[in-house]
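The data blocks that follow each hold one structure.
Two complexes are shown next, each including subunit A; its partner changes from subunit B in the first to subunit C in the second.
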Partner chain A sequence: MTDRFSPGTRAAALTLLVGLACVIFAPLAPWLVKWPAALTVPATEWIGAVVTWLADALKPLARMGARALSWPMDWAGWALIQTPFPLTIGAVTALGWHLGGWRMAAGVLAGLGFVLISGYWAPGMTTLSLVAVSVPLALLAGGVTGIVAYKLPALRRPIHVLLDVMQTVPTFAYLTPLLLLLGFGPVVGLIASAIYAAPPIARNVLLGLERVDPDIREAAAMNGANPWQQLFLIELPTASRQIWVGVNQTIMAALSMVIIAAVIGGFDDIGWAVLLTMRKADFGNSLVAGLVIVIFAMLIDRLSGKLAETRPVYSARITWVILALTVICTLIAARHLPASNAINLLGGVTDWMNATLGRFIAAYGPLLNAIKTNAMIYLLLPLRIGFDHAVTPMTWGFQWSAPISAAYFAVAALLAAWLGWRGRLLAALVLLLAAGVLKLGITHLPWPFVLFGAGALGWVAGGRGLAAYAVILLAIILVMGLWEPALLSLYLSGTAVLICAVVGGLIGLLSALSPAMWRVVRPICDLLQTIPMFVFLIPVLMFFQIGEFSALLAICSYAVVPMIRYTRQGLVSTPEDQVEAAISSGANRRALLTEVRLPYAAPVILLGLNQTILYAFSMLVIAALIGTTDLGQQIYLALGQGDVGLGVAAGAAMAMLALVADRLVQGFARKQSEALGLE
Partner chain B sequence: MKRPQATALAAIAGLSISFAQAAELGAVDEPIKLAVNEWTGQQITTRIAGHMLEQAGYKVQYVTAGYQNMWQAMSDGDLDAAVEVWASNVPQGYHQLHDAGKLEDLGALGLDAREGFVYPAYMEETCPGLPDWQALAECAASFATVETLPEGRLLDYPGEWGTPGADRIKALGLPFRAIPAGSEGALVAEFRAATAQNAPLLAVFWQPHWAIGAFDLRFAALPEGTEECYSDPAAGPNPDVTGDCDFIPTRVFKAAWPGMKEKWPAAHEILSNLTLSVEQQQPLMGAVDVDGRQTPEVVAEWLAANESAWRPIVDAAVE
Partner chain C sequence: MTATPNAAPAISCKGVWQVFGVNPKKNLDRALQETGGDPHETAQLLRRRGLIPAVQDVTFDVREGEVFVIMGLSGSGKSTLIRTISRLIEGTAGEIRIGGEDIFAADARRLLALRRDKLGMVFQHFGLFPHMTIVDNVAFPLKMQGMATAPRRARAIEVLELVGLGGREDARPHQLSGGQRQRVGIARSLAVNPDLWFLDEPFSALDPLIRRQLQDEFLSIQADLGKTAVFITHDITEALKIADRIAIMRGGVVVQIGTPDDIILNPVDDYVREFTRDVPKGRHAHVETIMTRPDPLPEMPDDPKLGADMTIDSALAACMSLYQPVPVWGRDGQMAGVVSPRDLAAALKAET
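Moving on, here comes the complex of A and B:
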């Protein structure tokens, strides 16, 4: 190797050599493909022992905390359920008027009206009582963490890692220890929701504080403010805009986790309703129950969002009129109104939805089946088990054999040679690598090849440190004995990310070009991100049956959203002067897109890809409810067997895969930014 | 295949008949917390049990609880009893706590649960030999999908309930491949989709369940599940292995916090003597899951109309 070759080319060449060596020596040394069981450390047992011991030691303290937290939640629940529903609806509508005028008031009225007629008013209020405690808890814990990270720069790195872990380890993985620690009941769900919801506020507090103008800070110091006065009187208010972004995201995250509280049980909330309907595969009712959560999320989000904006003053008189009307209505109607749980006006609608779904399947069953069969045969099976196992007379109509293999590689080599001759050596090497991976299948890849490949990617993206990070994390998974389910997870989420990148990128591009398209796409994105994903499992399952294809679709439907959002965002936010300069120098629409907008948007799009990766991994646990055998399923097995260690280990392995993928993409994004001179 | 044996032994142990006798009521001021799990049958049984306890003079609190995660809570006394526990899918945690004396088995519920391979009735036209299990071997191809080709596809229980389907097709030498369903909802969604388009389906499933009636599911006749079949390889069609036969009927039982006997002696006795048959439970399940009525209302009607079925148990415990 000489310096003529770029680092990427050298890394790809070395990876290819390692892969070749593995394939050649695999028949002689089977341990190259399958990690020997003898070298697997019983990590799950150790983790189990440590976690159980810790949980037992901390139990008395934690139970006390749990009891303390359950009081405010019980009060909030009691107050929300005892308040007559006209009063609640009227008061929130008045708040809507006060914050956002008629539009907001109408939105509140329509949203809460839907909750009322859906028949889920009381469970909905129970859910709100949980959110009412978990959100302030998350805001407090996250806010303090953010301030600590700001004040003590030495702690920033460990805090970032902690926040990543909090967001990527699936809650189901540590549910059993959490139950041991906190005892039975909704407090477990509350804590789980707070753990998941705290990172956004912590990150945004830190980011906001870091961005405070140094001049403001100096002015405060010169006026004799001590550091705490400076923080609370100057810096935090200055950063308030960024902090509000975090508040909104924390609210969203907390609401997306209410379903966890239901899995444990302990109180009759909306998540429990979703679970019961999911168990009956009753799509209509599960959609209605899921929409109730979406409505809560959107109302809290929009209302709190208005708080952060400078907004016009709406007449206080009208606020009072609405409140007065509310009280009068409540008093007059008190005798005549039915109890909230006796109202259910959507029964006909849900029945109709279920019947329509049935008719659709009866009519298009063969078509849906053909889609699934083709996707399985030509895409998923080769990716998972490789051409040499996927190509059989049953599927492709012929058997994969040695001559076909030779021809396949000959074609790949010819293409690579042509690319190399054109001077695109890196592309040639990547093509060869891809050909090899497709032949073997992701789940049959030799582990030295995967480790080396990840290390090489890390080295190219971020130097030696990142390479070591990637290799060490993957090696831990290997040694813990979770390699096979981990490769399956990698295959499922990797394929999903690939599909999301292409489909989401295209939709994002079209949405950027056509505002009309974006008006249609945007509400769909909102819905997909806030509705409990359990709801979508039912139609996906009914269309495509239990199996990988359904799991893949479920993952994609959630993970595609950030790709769409960020692609569009990046493309439409190209600075106008750059666009104008390009136009005046004679660029047409096409050139404008490919040569100005796309390069500028690249870092943002890569950030979207990074979010898509994290989302895809986080969906693996939900997809396991369809019936996969990857790490997500290991977590459910651990729950069933009460195996604390396996649950935590599988959750950690999933987080490690996500973190490695995330850091690699971030590394490439940073390089791209630097190349464009953006940082 | 440890489970069916353990189940059968437990069933025999459960047969010891307890003679009813009057007991102290105990702490009537404190509510007895009954676990309400995720499925309708359990909710019906729980409401019936709760009503009986109320008639005896107790306060009852219905607490929603995840079936998989509630056992630690019950051993701590945060929950007092669960009145419909299925031996076939109770998590390992229950057995660990029960063996450690932290949970009490209150005896069989008498729900004669059946598990087995089910298929929609129209499959008997596609595969005329059904319900005989040997027909499955011949028609395997008609049950195949792209993931299982050339073998047939059998939907198995969710992974955390064990792999009874995979074990049986292996023991019986059936050319099928078991695909674990991720959840009960996934199984039901498959039934819905398959029956909507008369598509082939074979799954491991259980009765009593509303889906059996709603989708007209039938059980395949596997070789009879006996004690010997699970202990002696010679029994059953495959001479080399055990477990080459149908499920042994699952024991459905009641479990409680061990402190219950001291705290509420009469309640302990009522729950111990509580029984419910499939014939009693199944119509109630249909009223809830198929007709869409509310569980408390359906149960209240049944309790009023069938006082003779439950009143004697309450009277025997308190008088």
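Moving on, here comes the complex of A and C:
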């Protein structure tokens, strides 16, 4: 009832009117659909010129820095590769014992053992050497940033904005300007990974420091500590757990970026091995190399994750025993040890895997193709170019025509009228909007409609400021001439997010209802979140080849995890007194879920959706490797062509899209929380 | 506050056990067998085996229309007991009958029906649904009953007016103060006009002043409606103020059941005595519990018109009024003034 004149209803109605106007006047004014080229600002060229000028100016300095950095990098690489492998394995196993007992030690031993016999020991060590140098850089830069932000509250907001932007700018976009600045070489990957990995530690240092109990801080001050003593002796140690969480995230981010940086090539690391074997369609070997990456990721994650936990003390004596045994074994066997790159016990296995995959594709190829084709025809194409272009005799078996259009809209209008009559005006308007979007296709949407729609969403979610934010950022993309790839990005990520929301929401719901289900789902989620983005491409590519559908699958499998986790978390964290109140009021399981748990969980679920959106955007760029046509592809192309203007502009456009989506969803989540009185 | 002693019990608990841990039912049966059924030893045995006997062999009846208070410190098992009675948790052993019906035997459907029609409950931390308005919160049990929107809103507003929250129906829980929130909780528990009213430390989370106010309002609502109420508290003065009868719990066991006067004047053991030590007895015990009927009656020249239900303080003040004013002496040995014994007594019973 009160819904009738709610802001949401008004915004939806106005957006619908704007859309109608665009559709009606489109034949008269084609510039409504396609932004005229004459009005496009040559932003990519300008940016290219500015960045190139800047880079030229900074080049000598930067190259000097790069040379300085290449020292420790080369040294670390040399050390890791030259160290006899039994010594490395033994030392890390000892570390595993020290941090996590025999389970961890066994895990380390098995994992590194696999790396050794896989034949990818040397590339693996190269990758680790890059990580080993970039992580301290990232920790130093991020840690200082976090402390500065804490000490100077005036800088806190700008630093937060900077960190947001750094984490939304797609990974590849870092690479192009760095290439220009530093020239080809592994140092680019190193620096990119240090930049990419710094924000998590900065955030966590700041968060940890902010959360220090005021009592502790005041006690330190009253005991006569000066501000620096207070910081280093009291506040940082008190915040150590949060800081270790940040260290863990930073290491994982660095690893992920180092692997992605392999696309620049020219460096024999494990990411390059995956890329190379993928290009040769040697999936047996890409799987093995991918597995090596997964093993690294899991070991590093679990080992560094232990630092943030309270853990039992494991006997130091055993640590020493393991180390001593290692040294002794290495010394005895030193003469007879084969070179690490001469070991490859899995050759037979990879050949067998390739043969099996070949047989599988031969047997089930038509089925896989059918899945792919149907998904394209019935889901992706209509969303992308709309029913009126997607429905043709070739695809659906008939041609979309004016009468069909009329019937389609008549049905939509009838449904909407029914909803409106039931008093659910907002639902009716949203239905009409969805019908219109499906008919036109996301990439054919008139730009005034998109801008107005984003503005309307912003207005509902966070008032005038947010509306202006959304409209201005989108308008910049429009004027820069990147509108079409941006809409393609929107379409691809939007579709992926939609699928993730439905599938992940359902899995999360079931996991909340059944602990048994969660016991199965949880380790899968843990695994999916540890795997670097790059690795998701391998299995998708194996079965569905290059193309949009594969990209979509890769994005979904990476982005679905937060949706599952947050949905479950939100649903199971309803306060006990509310549950008891509902039960003693006579609510059955269903009513308890729909009337109490779901509404209470809504803000948390929205935050999960937000994470899923950000995940989808970051994967979008990686998916460019397997055939997309959106902004991500532009960034990737720019990297290949050294077109720094296009790379930076497309990267910025991508970040802006992600930032707009992020702010909108967070706005809705905050509104929901406020309505619940939680904030 | 008028309990009719001969009515059939509204709630009857017999040998109720609530044990937490692994396989509680089996372990309890085994322990009972091994000890020959002695509750105290059984509980000790269970504790040794790593189980928690939160409620041990509790037996009592709650009469129709009385306010039955279960009192004890935190961890004494009182909250567990009320949750066992309302079957928010499943009891381990024993028998609980509500209106003669075996509640442990009720299936899910019957339990739902009971909760929808007969039971109402108030929670310590209110348990209000933050996403609903006040009126929707109060109407929630009616919605569960399947009542249509308009009548359920009307009924909810009616109950809200009963608790003094008329006009606030479209506010959200977080816009209310703690006291107002618990009024909403009370309104919600009364919405379906239940026969049984469970209140789990309803006023413990509130400031002392608000607490007193709500206690008075509880008494006036109860005087109007005459529900059978089971009221949990850890506050002896609250218990004495509102109870018809009090059950005192310690470590999962009911140690004494009696009227407030019983508890104050005849505590069964040191534990109960300790509870009532700071209670001003004159304010809570009544004349009828200490009077006698000697035969033959002695000469009684004075009659201050005492009533059997007067508190001892009031009775004393009435007796004192029979005396003439007496002198009061200053520190310097001079007479400083006069005071009437009646005023002295009146000063003592200042607030009740």
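Quick note on the criterion: the second predicted complex is superposed on the first by the 605 of 679 C-alpha atoms of A that agree within 3 Å, B and C clash if a C-alpha of one lies under 4 Å from a C-alpha of the other, contacts with A are read in each partner's own complex, and residues count from 1 in each chain.
Quick note on the criterion: contacts are C-beta pairs under 8 Å (C-beta built on N, C-alpha and C of every residue); 3 or more make two chains touch, one makes a residue touch a chain.
Since the structure is predicted, the reported quantities are computational estimates derived from the model, not experimental observations.
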Between subunit B (first) and subunit C (second), which does A:I626 come into contact with in this model arrangement: first, second, both, or neither?
first
Have a look at where A:A582 lands relative to subunit B and subunit C in the superposition and call it first, second, both or neither.
second
Larger contact residue set on subunit A - subunit B or subunit C:
B
On the A-aligned overlay, A:A49 touches which partner chain: subunit B = first, subunit C = second, or both, or neither?
neither
A:Y636 in the overlay: touching subunit B, subunit C, both, or neither? Say first, second, both or neither.
first
Would you sort A:V596 into first (subunit B), second (subunit C), both or neither based on which partner it touches?
second
Let me test your reading of the model: by the given contact rule, A:L275 touches which partner, first (subunit B), second (subunit C), both or neither?
first
Looking at the overlay, does A:A675 come into contact with subunit B only (first), subunit C only (second), both, or neither?
second
Once the complexes are superposed, what residues of subunit A are shared between the subunit B interface and the subunit C interface?
none
Using the touch definition from the top, list the residues of subunit A that touch subunit B in their complex.
175-176, 179-180, 183-185, 262-268, 272, 275-276, 278-281, 347, 358-359, 361-362, 365-366, 372-373, 376-377, 394-395, 537-538, 541-543, 545-548, 623-629, 633, 636-637, 639-643
Interfacial residue positions of subunit C with respect to subunit A in the complex
83, 86, 88, 108, 112-113, 115-117, 119-121, 123-132, 140-141, 143-145, 172-175, 185, 188, 192, 198
Mind pulling up the subunit B residues that touch subunit A in the complex?
35-39, 63-66, 68-73, 76, 78-79, 91-93, 96, 145-147, 149-150, 155, 158-161, 179-186, 188-193, 196-197, 199, 289, 292
Which residues of subunit A touch subunit C in their complex?
575, 577-578, 580-588, 591, 595-596, 599-600, 602, 675-678
